[in-house]
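Shared between the two complexes below is subunit A, which pairs with subunit B and subunit C, respectively.
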Partner chain A sequence: MSVIAPNFKLSEFIKSLLDNIFWIILLLVLIGLPAVFIILFVVEMPVINGELLTPFLALTWLADPSRILPVVKAFMGTDLFRVMVFPGFGFAALLAAGTIFVERKMLAKLQLRVGPFYCGKFEGILQLMGDGLKLISKEIIIPAKADKPIFWAAPVLFVAAAAAFVAFIPVAPGWVVADVDLGLLGVFAVIGFFPIITILSAWSANSKFPFIGGIRALFQMVSFEIPLILSLPGVVMLTGSLNLSEIAASQSVFPWIVFLPVGAIVFFITMLAELERIPFDLPEAESEIVAGWLTELSGMMYGLVQLGTYLKLYAFAGLFVVLFLGGWNGPMIVPPFPVELLENGIEMGPITVGPLPGLPLFTQEMLNGTLMFVMKTAGVIFFILLPRGVFPRIRVDMLLNLGWSKLIGLAFVNIFIALGLLYAGVLGPGGLQ
Partner chain B sequence: MTFKLPPGLALQKVDERIMTLNVGPQHPGSGHMRLIVQIDGDYIVACDPDPGYVHRGEEKMAEYRNYILNIPHLERPVIHDSCNVLYPYVLGAEEILGIEVPERAKYVRVIASELNRCIYIMYWLAIYGIFLGHSTMFMWPAGDRELLIDLMEKMTGARVTHAHFIPGGVRNDLPPNFEDVCLRQVNYFEKRIKEYAAIFYDNPILIARTRDTGVLSRQDAIRYGTTGSVLRASGVDYDLRVKEPYDVYEELDVHTNVMKEGDSYARSKIPWLDMLESCNIIRQALQKMPKSGSVRTKLKPNPKGKGLDSVYKRVESGRGSLGCYIVSDGKVEPYRVKLSVPSFRNLIALPNLLRGEKLGNMPSVYWSLNYWPVEADR
Partner chain C sequence: MVGELAGNYSTVVLMFGFAVVAMAPALVISRMISPRKKSNPVKFLPMECGQVPTGEGRTHFMMQYYPYILMFVVFDVMAIFLYAWGSSLLEIPKIATLPMMGFLAIMFGAMAFALYQSGRRRIW
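Up next is the complex of A and B:
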């Protein structure tokens, strides 16, 4: 392996560097600065040192942490931040990307392989970015007889529905995008969209294998939604609320999985089926129907569906954590914020920065809650990924038999357990009494 | 306006309920072949296998090369089982050319043949695993296969296409210390494949999927002329290593694995049991092999047959009985070489097995037939 390419020319190298610098500066001026200004207009401006912060003033203060921190904190209070960054899309996409990496490495270890290895120097950590770049740069091929508007719209709709699902998941006390009182019903409503989008995509492709895959997906999702919904009234009865934040808050002493293990098992199995993961990956069974309803999707359309799938996986794992494992509740392991920093500032040798008025950016409860939630979610995701290395795929009739006869029965058993606990007075709405 | 069809062609009646699927040749669930499958809902009503995409004219090529030059290209149909696919040709050529084989060479051939059978079955098993959606069962056999491939590389110098068997013995003697290495690797290999039972053959989902699917009865198995693991899974005790022993198989204790069910599960388990049996055979052969001696009878350049002569030899390959019919007219080249391959015979059963099955059973039934598309096309 040669260090320098044989036809290396210093002049071209410098030219390429200058090219890059030119484009970075151009994009920064044309897109970056307007974006900063737009965000600053949206943010409610704080009053600092007795003067109202204007966007222009804020821009001149960008270099000063004692003045930029209040701006950042104000931005974190907006809905835009919640939707795009923390409990919403950005956070979920980050966890989804981590899921893909862990899945590939874990399966590789299970199967005596190394998995992604070269991309990104350390254990192929940038493999996902490389795959994404590849998908973006690929040509999108659409079947000649496809119903083009619907075919184009389906992957986007899929991601949109998955992102809507993510919005319901409370990550930490008060940190949820959509804090609605009928949150659980909203989740069911969003889950109901997926089979429709799937069959639209499959049917509009006007091809045989996607059609069979779409029909299979429809069968699977519709027949497993019933046990999915039936496995949750137990939690609702004991909590007395459909609000996911309240359900999570009610488990400060015991998570509901202690009292409702049957419901948790039913929910977990139906979750695997809704996510189309092995052993329930019939809609994408490659040895029978090529790639199922994804067969005709190419390039970034396929990438979008994959993104949506993993967002959905995160959202389902988060829902399992919120409903059965206690959400953000857990021992306080994050140390409290050092208060003296607020008064004295940070000493860095001869320079002292501060006092810093914006700190702390996050409360201790919020950080600890997020940590607990992420740890539990990672555990659930691990168990969602694990069957892929252990089980073969099951067949349609076995799947329907499982869904309609066994899981629905178990879901009813779970409801009776919850009712028994309720009438015996062991537990009541709001948690342990 | 009436439209007259050319003779021999008939228009098919179109039923609106029936959907025709072309499974292959560009389909992850077919080999180098096509299955024209007609489905009614989730049920297969008809299946028409369409092999022939990788026909390479091996038999015709054999008529233009002498007996030695035929060796490297005749193993091409199944490169993963290259020793076994060459075995009947070599046995036949020896009879035509009138060559005696040294005793040690016969044992070396048996060892190589059994190792190659395991290599082939591991490859087959890997594909069977991924056809059922079991990705671990794809990777494990593909990885453990390397153990035996390394052994074959030590023995022959090539990893896959060995061209090791020649009329009159084998090409090279075993490398020094081969017996110890072979015994160690084979013991470890046996330990590894016994672990497959826990993750694959005893897996409840796998058993539920493949039990009672594609059942081939004992009578049908004989009637269609299936061979090898398919025949033995249907309850017929038939193994050429026992029934018509060639080389030194009669001195070895070969146990034939038979299962009665005749379903996809039995057909997938028989090759795995065969691998365990192969390990036993290799250990016996290593013990009984003469420790020194020649492994090759010297041949004259361009050996000829003795006149008009024909010979048919068959061996038990990884897929079943593999025959080779050689006609010689006393020239340097054989007049005709005909390979009678087990894959093609097993394929005949496929349309009858798939009729009435669910579409989800198609890959498992298809691949459980121990079918190798390239071999069927020759």
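Up next is the complex of A and C:
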């Protein structure tokens, strides 16, 4: 019979215990206390129930149920929450992860396959988590003579640029990370970073396939940026604003796709090209140039680029919804918060919790707006995913010809449609709105 | 105020920074827990479908569509000018649209001419 710890000595056990306690106390004093002081000194603390939130009140919030919701609500009002969780990174990453799974499953159904099936009990629902674990435990191989700092930084920069793009998308009234007056121009500025990051990654790999793929990506993104930019002045003219929240709010009666279908079609096609999706996936053409500019990326680097790609896809779909489909506007289908819960509190059997302060955590408009936005975005994402199962890949010269001749012509037609609508008095002052 | 205007954009930078701070550990953790074997130098060669690569990875490459890049540089700037006009269209008098029509005509004409020239492969 074996002993669990044959060389056990009580003195060494106590010594290791004391060692650990010493290091914990040291780190707490050197890092924890300064952090508390910095937070108290720099961050503006909210006033809750008539008293300023001190560390004592913040750390004992679990003990007092009347303080939980106000603390949570005060945290939700901060920029940090917006960046990290709701209209920002967490929300977008969740939708992006969902998109990856739905894409794999939907493509499988289109091609009469089963798709992810075994990972997770139901229809392979844990496949994504399994893929993440696999990617993070794989070896990262960097090709010899690669430009290492740039090669390491490119995937992270790709995700970061996609996240900066997400920052401009308004999800519900008032719920946007960066509510700026020149939001649309900001979006164009951020889109301009993707070709640079792509060509940097491709050039630093010191390999031929990534190089060819990177050049293709550069051409494609750069030449489709012109139709992308030219297809949107129509919306800006009719709205008279570059603020994306105002553009979304201006479509409470009609979404602009009713009046500017040409612009919407041009924008959608350029969106497919900017996202490098079939039929425009020349930069990653797997039957010609292995995986294009992703060839030398291995392990988690590839995973990060995938995450960035799908964040970008969500951001483009959100932009389409905000510009043409009316953003958060839609019928009010979320029921209002029950009033008796606000006045009487919750009664569950013998337990009665009194009326909690700050209970409607989200307003009805915000919940409904988010629901509408997510439904419309899911619809647009579906139509972005659909061509992958249907269309073949087109040639480079056909792509450039399409972008430069046909789409730009249609974009000019769209500008004149918008001008005609304004000057014929259909829309604008004295018109429908 | 200029500072306030610029300050509005700080959340975009914050988002960028948060993505970097949140995603860089994924690479670091991956590097820590994944195996690293330097058994064979062939493993670190650039991927060329099993062949041992010959020649340089970064070569001079004939970009056959170079005129499009040149056109992009010009027309990207011109397209952005349309936004200055479009966002203030509701406030300016109707007669002020006429010069803009001229601008659009020049832009469209120039683009058509550049496209025609880019199709003539012999001249560049």
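What we mean here is this: the second predicted complex is superposed on the first by the 369 of 433 C-alpha atoms of A that agree within 3 Å, B and C clash if a C-alpha of one lies under 4 Å from a C-alpha of the other, contacts with A are read in each partner's own complex, and residues count from 1 in each chain.
Definition applied: a residue touches a chain if its C-beta (ideal position, glycine included) is under 8 Å from a C-beta of that chain, and two chains touch if they have at least 3 such contacts.
Computed from a predicted model, the values in this text were never measured in an experiment.
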Which superposed partner A:Met348 touches (first subunit B, second subunit C, both, neither): neither
Subunit B versus subunit C as contact partner of A:Met300, first or second or both or neither: second
First, second, both or neither for A:Ala424, with subunit B first and subunit C second: neither
Which superposed partner A:Leu282 touches (first subunit B, second subunit C, both, neither): first
First, second, both or neither for A:Val159, with subunit B first and subunit C second: second
Touch count on subunit A, higher of subunit B and subunit C: C
Partner chain(s) touched by A:Leu110 [first = subunit B, second = subunit C, both, neither]: first
Subunit B versus subunit C as contact partner of A:Leu10, first or second or both or neither: neither
Which of subunit B and subunit C A:Arg393 touches, first, second, both or neither: first
Partner chain(s) touched by A:Pro143 [first = subunit B, second = subunit C, both, neither]: second
Contact residues of subunit A, present in both the subunit B and the subunit C interface: 208-209, 212, 290, 396-397
Touching residues (chain side subunit A, partner subunit B) in the complex: 107, 110-113, 208-209, 212, 278-279, 281-282, 285-290, 388-398
Sites on subunit A touched by subunit C in the complex: 79, 82-84, 88-89, 135-145, 152, 155-157, 159-164, 166-168, 177-181, 184-186, 188, 190, 203, 205-209, 211-212, 215, 218-219, 222-223, 225-226, 229-230, 233-234, 236-237, 240-242, 290, 295-296, 299-301, 303-304, 307, 396-397, 400, 404-405, 408, 412, 415, 419, 422-423, 428-429
Contacting residues of subunit C [partner subunit A, same complex]: 5, 8-9, 11-20, 22-24, 26-27, 29-31, 33-37, 41, 43-49, 53, 57-59, 61, 63, 65, 68-69, 71-72, 75-76, 79-80, 82-83, 85-91, 94, 97, 104, 108, 111, 115
Contact footprint of subunit A on subunit B as seen in their complex: 19, 21, 27-29, 42, 129-140, 143, 199, 203, 205-206, 208-209, 358-363
